[in-house]
């Protein structure tokens, strides 16, 4: 018997839970876990239903028929997702992902790593993961992004993770992987948008620094936020101490965000997310 | 139209969500929020369903009929709960509750305060809440508890809150208010059970101190935990600094626990709780 | 024997600690606690020295002589500070301060409360603290601020605390009390500067909300930050839930900031602070 | 010019800071950072002084002469410490340390890894670190510990880190490396001492789980605590989910504790520590 996850996202109306769970019941599917949320401001309904049992083709058809026409319904199989990781030179996020890939403690496998420098090749190859150098030198941003896309597409990943990839992506690149690019930003967005957030934080004299994992959209640092966290700092921290301290929190926030996304616990709507953490 | 909360707690089996939400739907009750949890180890099902609509007598009967015989089902009206607060001499938790009662920002009204000293009479009466001194001097524990019970029962409270009440209660007292007595304990239980937890924490040289809100059972400091939180300390903290720092966290943990309990978000089973925080 | 705090703030050079502590030693003053910090970027030295003993007039003169000419040196007596609190309508920060004033658990006494509405008069007067209504109706901002200044000045407070005072102050007002006005801002600055931060946070879909206590300067929400903290939120929080959840963190951040300021643990320089938390 | 750290630990008396910093000054040593703490209960003085300059032999002699006879004074050179790591089967703490060793972002180099199983050999050797299997099979605890000691002593490490080493060490082993063995314990000590803390935590229904890094003494789980931290859990967490969630916090607490120890920021006295975090 297979385990699947039914993801429902539609305009809210009375009786939605009863309709969907009723169909599950009639198909003798056991509901392992059911989580729902209604955004009353936008009158929108979200539900994640983890199911155990034997699925027939008409199950999904019946669910669709029972819901408003504009509903988005997905039945996904709970499985290990394929990732391509993009990096520049910083080691901490990639290192953590390589370790978790090796230990198989998270719900993904790393298909490949792409860097615009060779700095992280050695580490990547220790773990027998292919590393591709796609240098931006001498290329326009468009050409560079297209070369990366070619590498990515050969691996057909579920998601692309920007693990401290420090260059801006083209609209063409972003629109090729809608809702499938995850970035870790080194600040508590929307504070310190843009470059050198730790220097900005130091100059402002903040007492807390943070990190933000978000989906990448055309608007730099403004995509839907998946997860955020912070740590306390004080006057003893130089800008570079803040960056150092920030590494732990970046790595942890990226981990948590990936856990949610890869377990199909995240809905995107408008520029926001619904994250069923449990 | 009234808003009610249906609380379901029964052995787990397939189709429970569909059955209950189906009945809601047939009665044209709108589900505002539905949260469920299955304890797989104990095969037990918990669900909290917030409903809007017109309730008829047969609604609850139908729900009962659809569920296993041993199910515990409650349909409660979302309303301000009545509290009696018990105190000794410390001001911080009582003060906070009096302020929130005055500001009406939480889901309770304070019917009365009972103290075994007069220390908090003045503050209580500033807010026009009756204060009852029930001194333990010259009384056996049994006699003292019975006198308190007499005062409590005159107010018929929904819950009794021990806001730093520093004496042990009798089994008779505890069994008179099953699952209705909430205590704030000044440590991260199960560490530092018993008296003088801050002194114990200081002597052990811990780097964190905490607080625990729990239901009171016959076993001292061992009732079902509702909420816990901690703050960081270091070698600069004396035992009395720890107690001082602990006050903020005690007050906040008690607040959160009360929020959950008074909004009917807490199930008790075995010696544990299910708390639907959202 | 008196306890005093020596606060030294001067350009950094070799031997500063030895010079100052040497003078203390020669004067037979016992150093209870000594904390120092050097900002290497700005080459600036900060030291807070808690002293026990009998002080003679020439002690401070000797210290001054031993330090660079531009040094700022203050010898303050550790004592309860006088506060005037300014409010609008929100109760949580004022209520907390009134309670702590009543319980005498913090290092201040509240001399008076000034509101631009009468909403908090009743609560203030319960605690026998004078409440002054200074309505802004029909007045220019300049006139309004001047009327408030008149009330404040009659009390000669050490600090003015804006406990959710929701109006902008004039440059004249601010420059009358340099480094003596403390504000609690309802967001994690510099995110969500300006009005309605919780609505901004909700619309951005952040997963964390915060609060910032800072000194007030002419630049709105941009004065030196004293303390910040955050709590986690999620999609279940409406803008008004965020505001509600934010109250706890606002109150606690303001408390911590006041503790630091009133214990003379805070140095201001440039637009930043050095806060010796211990 | 060399940078050194002077660590002073002696009975408290008036003038200690002045004496030590005065000698530094006369030797033209620049104080980069000075941190001190007095335990008033035990009347004990601790100071950490980071110094820049040219050191002569008589500097330390002069300092010694100026302090009480029983003073413990150490002048250490700030340098990368040598570690031997001991493991059983769990990967997360070792993996993190191997990565940090590779990235050279922390103040240590790993000389060798010793395991009582071969599970972590492959990972260790990827990073070109020697891995020694010392199986406990067929050996008494005493024999096993002695074999490990032989391997350790060949590397002459500064510290031994138990990165989830799951066996009890003999008193002989422990006394061979006084104040030099650091353990990461998978609970918030002193709660859940001993084996299977996550199962204990699950059964107690706690809402928070933690981790504790401590020095190892003869008393199991009772050595001086260096660092602790916690994360929130709820009823959704099984014992194994708690263990999984605990891994992040174990790894982070161990990291922080090592940072403090390896930067010579930790004093041990009685069964407690003074940790100068900044």
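Order of writing sets the labels: A, B, C and D. Residues in every chain begin at 1.
The criterion applied here is as follows: a residue touches a chain if its C-beta (ideal position, glycine included) is under 8 Å from a C-beta of that chain, and two chains touch if they have at least 3 such contacts.
Computed from a prediction, not measured in an experiment: that's the story for all the values here.
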Smallest number of contact steps required from subunit B to reach subunit C: 1
If you tally contacting C-beta pairs, which pair wins, A-C or A-B? A-C
Distance in whole angstrom between the CA centres of subunit A and subunit B is 37
Can you work out the whole-Å distance between the CA centroids of subunit A and subunit C? 40
At which residue positions does subunit A touch at least two other chains? 234, 236
Residue numbers of subunit B touching subunit A in their complex, please. 14-15, 17-19, 21-22, 24-25, 28, 30-36, 38
Counting only contacts in the complex, subunit D reaches subunit B at residues 37, 39-41, 188-192, 204-208, 210, 224-230, 232, 234-236, 238, 270-275, 277
Contact set on subunit B toward subunit C in their complex: 91-92, 95-96, 99, 102-103, 105, 123, 126-127, 234, 236, 244, 247-248, 252, 255, 278
